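Shared between the two complexes below is subunit A, which has subunit B as its partner in the first and subunit C in the second.
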Partner chain A sequence: MENSDIILSMTDVNKSFPGVKALTDASIEVRKGTVHAVVGENGAGKSTLMKILSGVHTKDSGTIIFDGETIEHTTPIQSIRRGLSIIYQEFNLVNTLTVGENIFLGRFREMKGLRNSHKKARELLDSIGSTINTHSLVGDLSAAEKQMIEITKALAFDSKLIIMDEPSSSLTADELKQLFVIIDDLRKKGVTMIYISHKLDEIFQLCDTVTVMRDGIIVDTKPIDELTRNDMIAMMIGREIENEWPERPRCAGEVILEVQNLRTKKLKNISFTLKKGEILGFVGLVGAGRTEIVKAIYGADRVKNLKEKDLKQTEHGESNKTKMPDNDIVNTKKAKKLKSGKRMLINGKLVKTRNPRQGIHAGIGLLPEDRKLEGLVLQFSVKENIVMSSLNKISKFGFLDASREKDIADKQIKALSIKTPSPNTKTVTLSGGNQQKCIMGRWLEINPDILILDEPTRGIDVGTKYEIYLLIKKIAENGGSVIMISSELPEVLAMSNRVLTICDGEITGEFDPEVASAHEIMDAAIGGGEND
Partner chain B sequence: MTIYTTHIQHRQDTQSFGKKVLKVLGKQKALVAIAVILIAMLFSSTNIFTLSHLRAFLLVASPELVIAFGVTFAVICRACDLSVGSVMSLSGIIAVQMINSGVPVFLAVLMAILSGSVIGFINGFLIVKQKTEAFIITLGMGLLLHGVALYISNGRPVSTRDPIFNAISNTNIPIPVIGYLPSIVVWMLLVGVITFCILRYTSFGRNCYALGGDYEVAEHSGINVVGTKWTAFVITGTCAAIAGVLLSSRFNTGSAVFGELTPLIVNCSVVIGGTSFAGGIGGIVQSGLGVLVMHMLRYGLSMFSIEGAFVSINQFVQTLVIGIVIVSIIAMDCYAIKRKKEDV
Partner chain C sequence: MIKQETLERKTFYKVGDFVLEYLVIIMILALVIVTAIVEPRFLTAANFRNVMGQFGPLSFTALGMTFIIMGGFIDLSLPGMISLIAMITLSLFDIIGEIPAMMVGMMLGIALGSLNGTILVKFGATTQAKALFITFGLSQLYGALSQLYTGGSPINRGAFEHPAPLTQALSSGTVGDLFPFYSFFNYIPFTFIVFLVFLAILFIFQKKTRLGRSINYTGGNFVAAELGGIPTKRITVMIYAICGLMVAIGAIVAFSRANVAAPVVIGANFERDSIMAVVVGGTSLAGGRGSVLRTVLGVSLIILLSNCMNLMRIDSHLQETFRGAVLVVAIWLDHRRHAKG
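Up next, the complex of A and B:
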């Protein structure tokens, strides 16, 4: 009777990659109609396990029984047809095709034509309560909508088991709620789900059972009620950590950065100040304009130099909503130009940053949101990545000084305790946390007055996160100023001295995180305050 | 936390032997090809393993080597340059025409080389500043310059009798042990060493690799991406013009038909050597090896077409063989890139 209840069981599954044992005797049982969480640090083997299930990798040994059927060799398409879908972090959708086409991609004949495909897609979307038009292009959709399309696609195959790999990483709080509703709904319909996530809160909110993995071993599988948050963290890292966050530094000095009326296509009149030794947190939903603000300051994004008439237009359009008092710079021609773009004072001096090079020159550093896309040259070694921005410091007449280069790399590797076999190891082979530390090392070497950290702990395991918090704290204590953006509210609240909420390209509030409640801040970030 | 360290070291130490060999071969395809060709040549009728053969071989390969050194910069910056052939023929014609109209040799050569730098500068402007596709822009630029070369030479080869100009490439320079080397080879080696040092030991070279590896990242790290890539094209153009001067000096002639196939062959050779079109990988030595492979193929195959060879290969089959080699080597390169991506 137990057997009929279990949709998936894996017994003693082993998998090695050249030189690495990725999975050791992994056994897991997933009961029908539950949401089963799999948690673990980066590199714990979660992804490998799921990839074996979906047929991307082949297991070395062990048995897998799915829906009463023993699975030996499988390919991704076979698994999907068997009723086992996996939704990856990076969506598997064709941006240039429509929603309906994506859902039934490659199955139009089966569906008896495109028109029927769209019709069926509509029904499926309705069934999960989505109103997305099946004829709109997937490329135009938001991350949350794409996720819904992925889920619908899985449903279109009558999936019995849907695996979601970090589904929340690109979603805002609101979208996440929506996702939870859908997942809950599916659970009631008897669909089983495996939910992989770093975010423990979500797991407590959503899942029935938790499997914790560490270093390719399954530590334990337990019903969620029998676990506390600390238990789970302890199992993940193999030890207890006393603090999730270090105590925040408090040494704010005089104003170092003053941004006035920053405007781009997306931003409206952003003005704020940053003090010396301060950690300033930016809170907002994904896409609210947090990243755009810091990119504009750093110089990575072009600030729109609005033409005179555009300026008038926007002013006209906004005049009933917001009117920024900027009488002092309204009249002169030069001032008008500045007003249209941005006015930024660093240490009281007017600074222009039209590209990152000028940004660095002005004393600003930016740790980008996506370390693989904007942070690291992956085929470069750790050493090369660290010294990348400070080449002029270690070169004479354009020639690099190899020994100084090595010194700098060694220094930063030691200071940040980057776990790498040697400075010449390519960064591709490092874990996410160590990659992030390499970029941190690059900035620490330049030692900018203002360091902007955009999602510094995204996709980083718990242990390394704490190390990064300590680093941030140390920077602030040594007189550096930090702007920190994070989607994890507790993290920003615990780390920063001051929090600005951003919504829809505007700053909607300023809070002292020690006084204000998380609820208040989130409310301002969602922009709810204005409507009430 | 120690788990991580051991884990990574473990991964590097225990790579299976077969995989290691494959990895090295994957990286040094050109060396493998050279070895294969050399072994094959043992079966040809003439003994090519002599100093005079080596000299002749290098002499012929020198202009293309010089161009390849330059093109390496463009390719490392994830671009290519198909105008190098026309730059080469044009610079030769400019040098010869100027000498014929009474300009001192030194000045004429300088102007010819500068013409290449200017064309590189324009290429750079169009590709980096205007963000056009390097492939198509340099192809068009190549055609344009071919037109210029035809126009100023009236479509005929132009020649000069100037002994100094002639001496640039055709002096024999005594070298211990191997006797002597033609000066064109020495020039080639000089350009090779300079470009090698620039790419390997300067911050400019490092920045080339960085922006070829990942343009966005390089830009975000504060590297002057525009200036660096632009300069890379200037170097490419300059090298091509130097090759043009060397070639014209060797034959005392400048002609618009020189180098019609050169850009394709050189860009191919660079990739064969292991400087990947994906950018950020490769180097001067690799490019040099790539050009040598191509030349050896041609040289070797022509050996086999001589009467009385152990195996004789029809002349017309030669092109086919060269094509097969290019396609298979590049396919291997792409396969290696694919594997690399999967590793990540």
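Up next, the complex of A and C:
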């Protein structure tokens, strides 16, 4: 291998944070014009390594040579100017500015004015085959489009190396394809890329070389063809796992939940049933309405609870619909009134959920999509987060019982093997997987009949994922019903007894994942428009 | 070997955290020691009584504000509320008598507080920023109403026909007036005892009850609390109602200590000083964490600071400057503490 072929080489880089050794003698070489994957569980040191490269953190020791230049101390702006850009999972864009302004943010003088900036931005966007108007506001763009703007921004600095941190996490399948085309194109033009992702399929599709990290150590760097999926997982978690998923439980019994005519601005007449002991998977693209359905059921989104009378009227209205022209029905006051509403039966009894409290009362639990924003009070302890929804259990006459509280927390920490120094540790210091377990523990303490899991394994490392699958299985085996939403199709297919596909606010199909193919299900989830 | 290193670092960080956490106590002690050395009059019985007497309206409003800030909100309507409550209560003195009038005042405090909370909930204001603007507007509204009510003229307590013993007690009474057994009692103002009673009740409420804990969750993360089944909206109304009650008591103490109570003027700066006491005490502006005991420390620091500066005859403008500086430093420290996670 010639030396000039290597664009980036890091040798024996070390980095410690208070109390943690984040990187130990990390060495990595990235060849020019390749897509180099970096994989590892959360906390393996991928982000630290990249943040040292981009100048967010300073290394303790070691050498970094980028493009023939030894880098000692650097700042983010210096590394960008040197030709090393990083695109974070959370975009670094100003939503209230236009596309062109964002691409040349802070460089208007350099570009000789805004007009030239827009012109140059147009050229750059064209070069990656994008048709986004440079005058539209970034805030109005989709996640995929924002990502393109980030890539264009990196290109605007003539970047030789672009680091992408989990670029696919918010993209739909189609958008991902588009991203792959762009990445492939850039690779042909000689741009080097470091691609960080949890999704191994993408890495096998896209990357040339893989570096696996674990516990701050670089385990190995290999060309992609020399590795199998199982090798990679084994390297990441440091042991072999036979299966990525446990065998699915089969304990579906009688119908426990019946949702009828759930409709809002976004949802169109959703009706489905859930059986006791069943794991029901919701498959759909981000924004298809999956989260809206479960939030309406739980009571987090306020949707009118229809009465028997209202329902008859809607049914009546619908049967009439066939006879009368559509417009008449839509325009009548009653039809308008009934545009939004829901009717729910749990164990055959009519249930109203106007807020999450009533949802919990009705025997429903929800593990929200975003555990940091919607699930945890990050600054609070593991204990406080676990008991949050069972305050009635730990209080008498309105007064809290500290020992009951501790017992419950200890019980759940043990049951879920939450890795925490003590029940009083703040959850913000825990890893993503353990944070998720805290919320799981909260619900297991209440033990709801119906547990809704919205993206339960998002951003969680492989080892903990398996533990969460086992937990879900156990809940079902103990007679609980689970609704599972996930963007990872293989996961839903492996765990569910039944899968509903949701597209654009409608249920487009019902499948038995043991019989149906992944292709069939995905086809229904994206609307069935594409048949190839 | 690595383990030992981490342990050492941890203890180091714990010392740093400790200083950050209990800086108020350290500052109070430093202030007391320095002033005691520099100014001999500081440690006299007369000054002790003086300092105790300073636990006035601010200490009550600050207790109320603690709950608001802990719940992740803020209340700038204090000046207007104090003004309106004081004017209405005073105007009722000669009509229904002193104690019933005070009762009405307290009810009015709870009602106005609940109104504040309900307006915020109805407006969907779940953030401090929105609460800031809405309550700021409400303060103007209440203040203006109080001026309308009195026609803009001040109320002179000296002109009242009936005697007002409780008002007198709140103004200058001591425990010694009731229990003249120990001379020490003459140094404990009656208001201070009232303050301690409320402090104890609110402390137990906050630390030991389910509702108190619910305030923490609401302030810590409103969305997560709501999804976790905490009645966040009811909690919001409740904390504003508690604050309203404490503000009413603050208003009563405030007019007890002034012979002439003028609308608007009577409530001036209470929002600023209350927030300052709460934040200086170490209750996080970010919400979730805090304690009424911390607020007591904050109030004490403010009282001692002005007492010390008065004793040292520091120019009043300079005193104001100091106060401003203390608030800025307190907010910076709060940020530091919060950033540490």
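Keep in mind that, in the parts below, the second predicted complex is superposed on the first by the 490 of 532 C-alpha atoms of A that agree within 3 Å, B and C clash if a C-alpha of one lies under 4 Å from a C-alpha of the other, contacts with A are read in each partner's own complex, and residues count from 1 in each chain.
Everything that follows uses one rule, which is that a contact is a pair of C-beta atoms (placed from the backbone, for glycine too) under 8 Å apart; a residue touches a chain by one contact, two chains touch by 3 or more.
This structure is a prediction, so every number in the text was calculated from the model and none was measured.
> Is this a clash or a fit when subunit B and subunit C both end up on subunit A?
clash
> Contact-wise, after the overlay, does A:420 reach subunit B, subunit C, both or neither (first, second, both, neither)?
first
> Touching A:389, do we find subunit B (first), subunit C (second), both, or neither?
After superposing on A, A:389 lies in contact with both subunit B and subunit C.
> Counting touched residues of subunit A, say whether subunit B or subunit C comes out ahead.
B
> Of the partners subunit B and subunit C, which touch A:215 in the superposed model: first, second, both, neither?
Once the two structures are laid over each other on A, A:215 reaches subunit B alone.
> Once the shared chain is lined up, is A:400 touching subunit B (first), subunit C (second), both, or neither of them?
So A:400 meets both subunit B and subunit C here.
> Could you say whether A:431 touches subunit B, subunit C, both of them, or neither, answering first, second, both or neither?
first
> So in the superposed three-chain picture, is A:442 touching just subunit B, just subunit C, both, or none of them (first/second/both/neither)?
Both partners, subunit B and subunit C.
> Could you tell me if A:374 is touching subunit B, subunit C, both of them or neither one (first, second, both, neither)?
both
> Taking the superposition as given, does A:68 touch the first partner, subunit B, the second, subunit C, both, or neither?
The answer is neither, since A:68 touches no partner chain.
> Does the superposition put A:356 against subunit B (first), subunit C (second), both, or neither?
After superposing on A, A:356 lies in contact with both subunit B and subunit C.
> For subunit A, which residues belong to both interfaces, subunit B and subunit C?
Residues 18-20, 300, 355-357, 359-360, 366, 368, 373-380, 384, 388-389, 391-392, 395, 398-400, 428-429, 442, which sit in both footprints.
> For subunit C, which residues count as touching subunit A in their complex?
Residues 2, 6, 9-10, 13, 208-214, 216-217, 220-221, 223-231, 286, 288-289, 338, 341 of subunit C touch subunit A in their complex.
> Of all residues in subunit A, which touch subunit B in the complex?
18-20, 43, 215, 300, 355-357, 359-361, 366, 368, 373-380, 384, 388-389, 391-392, 394-395, 398-400, 417, 419-421, 425, 428-431, 434, 442, 463
> Report the residues of subunit A in contact with subunit C in the complex, numbered from low to high.
18-21, 298, 300, 355-357, 359-360, 366, 368, 373-380, 384, 388-389, 391-392, 395, 398-400, 426, 428-429, 442
> Which subunit B residues qualify as touching subunit A in the complex?
Its residues touching subunit A are 1, 3-5, 7-16, 19, 197, 201-204, 206-207, 209-210, 213-214, 216-224, 280-281, 343-344.
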